[in-house]
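One structure coming up, written as structure tokens, with questions to follow.
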């Protein structure tokens, strides 16, 4: 394992210290329990957005704290959900009196820890609502299972619901926007290489030089299938087809197309993937009205990418376009 | 014949030691069908519990369990943190104020803990989770209690049943937790949480039974 | 070689097509010869900035085309300088009558191709000045050699000189600002892994699992020395020391600290590096007034990082803070 | 005895073929002390030249050289594009309008090309570049001319001298180009640009000498 770290057990706290040092104008970091809040928190009478999850997905979530997006993020150990006290204290620190929305990716651990935090916050009289993102079409959904994982759509929920909150929407309205994004978004990911969890010290899975994994999760969980490496065109087609058929996205739909890098894939490849995606969607009469290309939900140094499509209407598009000012996403401010 | 507070403390210390020894094994099990952190998660939690126990060593058993549960909740994260945390917090609720436990007290505590796990995780038996290990253990405890068994007899029977429950997770297809993403491919592997649950009940039998007075 | 590409020979053009599809509001791409111009080029009476170099360093340079930064970029083949006709036609396309500044990284090929392009532009009556960045302290400088390589400081020159041009500075004034940034900036890089040039198909160099290379160039050129992997703290110290001693940076200096990822290193590690750099500089009484943390000059999928320090005064700082709106760097707009 | 336009065209085609055959070798040399693209760069350029030659096949030799140089400049990039491009453009300047070349013409063309390379790249002999191969070749041509040698004699002498110049780059420490970043570590490797220059002069001897009339 070669990484730019000191001791594996210090990775999360030292990265937080680095973030705090780099962005004092945008965020404040609280340690023990660990959470990040926007520098001007709590914002009075604004619905506050709190997200969180395991570390190792940077910039998500801490990099999305700031004006127009999250009010707080609770980073757990690498790939491990944060604990209820982190989430609860972050919730308390950012509550501006208008209630708090918890944005939770659908993993058993995340869901349960956020649930306990919401119970604690409720006990203190803080109004909390939760949105559980579950956009990963690689996982077969069923009433009897843990359901689909929350992946790429989470970033879009954080941005769009964050804009709604910034506009003064009520907690129920912000929740409704968040739900709408989640319901209209679908994702799928793939990996060319594994990643190495620092304290594990060796790759989470073996992926030989002549194989790739389609439908991978963001923690190195296995995917739908292994196959020989294929041209970007075929990989994109495979993923985009699964996504488009699932919602389904139809001719004439306007979408936000999000091509995400997994951490070890450089931008030049992401643009090639985006090019294929744009051609694929054009071929089906689906319009890309907005896009995002870059590494926003990573899996440590995993090479690979994910594609997320969100069906847009005018209100969602306007919220997407609204100013945002965070370490990881910024425009109009 | 009852279970003393010191025996309870000894049990928790032993469990921490066993988790620490089997760290890599639990991690391996979780790498096969999860995300490879169950060993690290449980070890981080139980090491934190160890540092908290001296602070409640002179309190009642309910306080010991509650402190253990809170510490697990606040240090483990993941799925196992809320689940084991809830288990111990619920055990603490029904043993509040007690300085020793009868077999009936112990069974009541385990039942409350088990119900807490099910309430929190919403898993049913057969979903390939720790529930599949805890449920047969609890059932065994109840029937031992009903037939008037001694504390050691009951605890050993519970450990045996838990072990069988753990082993029975191997052929199952996971329907809850991270392993569920694998679908059919989760069959053939032993559930990591069921394994850490077996260690829990096994160390209870070893330490509580021997020290029961 | 596992990459998200189609055919190696199509990498550059397909990535350009992806960029064009993703950012039609910011840039336009011209093919054959290949160059990227800002969407509103030429901007009348503004000094135009043109840069370029081999591809494989994305977002540099194409991702820095837009308001407040470059007017055009000429991307060569992967790791190969662009040709004079690309640079010349880009120059002609963005000249708004106030002259053009060529921003050139100091590599023999880049320097000669830009020189020929400037001769062609001169022949058409376009006023061209050139700044050659040469900030890499890993290379020993001498009058008799090709001199130091241009690396991290190039991004800072593009941003700061871009702001000066946007403010209406004359060509000579913009050139003076660019020279000032180059003269006050120093960099050094390191690699944990090699990169693979698509048409070569195998890693440019062998870096065993238990070695890293300090003082690496951005094309996988060898560095100063190989050593066993060390904690981030020691790596940063080694690089920062070489940088600080070279200018030299002194107690009380204000700096812009730039931690750059090489393409395969995730953000979580870059923040750990930044944390170490902040502590190192604090220990020497050097103040970080501004910073930039992210992957801005990459070497394909190489894992590693570089550190750039720029001594700031108030005018440079104000130019750094000025609005910028490009695919790769954006704030205030 | 002169060099015909057809012989010149044949030379350029042969050079393109030799570059294509030795693509991997040039790349290997450039990987050792550069960035591993010299083979790809030269091959891209000479393949482009091949497509351009039919368009000037009925023009004068100056036009053929100029077209070759412009094509190299606009397709190669890197260090070698401007250098070889300038070499041919300068050769074209002094052969403008000629349909055949005497030895004196050839030497003048090579001298102009060489001067162009030095003007463009500012390398001196001993810097471990293509200059180290081209210079002895040019010097040989001049003395052959002065002593009144035939075209084949002169071209063969130039090829031999160029080869020795190329080989002499091996022990040198690079002071120009990408290899200079390696400092002392560049010693012990043959310069890739000197190697592609030797192919140039060698193919000239092979094709021009045999076709000289």
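Just so it is clear, A, B, C and D label the chains in written order, and each chain counts residues from 1 on its own.
Rule of thumb we're sticking to: contacts are C-beta pairs under 8 Å (C-beta built on N, C-alpha and C of every residue); 3 or more make two chains touch, one makes a residue touch a chain.
Just so we're clear, the structure is a prediction, and the values are computed from it rather than from any experiment.
Summarising the inter-chain layout, the chain whose CA centre lies farthest from the centre of chain D is B.
For the pair chain C and chain D, the distance between mean C-alpha positions equals 33 Å. Look at where the CA atoms of chain B average out and do the same for chain D: the two points lie 79 Å apart. Distance between chain centres (mean CA atoms), chain A to chain D: 56 Å.
With centres set at the average Cα position, the gap from chain A to chain C is 29 Å.
Contacts with at least two other chains are made by no residue of chain D.
The set of chain A residues that touch two or more partner chains is empty. Judged by the touch criterion defined above, the protein chains link up one after another in an open path, with no loop closing it. Contact between chains, using the touch rule, shows up for A-B, A-C, C-D. Residues 33, 54, 76-77, 79-85, 107-109, 112-113, 115-116, 139-140, 142, 144-146, 149, 197, 199-200, 204-205, 217, 219-222 of chain C are the ones that touch chain D when the two sit in their complex.
Listing the residues of chain D that touch chain C in their complex gives 27, 31, 34-37, 40-41, 44, 73-83, 85, 120-121, 175-178, 180-183, 185. Residues 2-7, 11, 14-19, 21-22, 55-56, 58-59, 63, 192-193, 209, 212, 229, 231-233, 235, 263-276, 278, 288, 291, 293, 295, 298, 300-301, 303-305, 325, 330-333 of chain C touch chain A in their complex.
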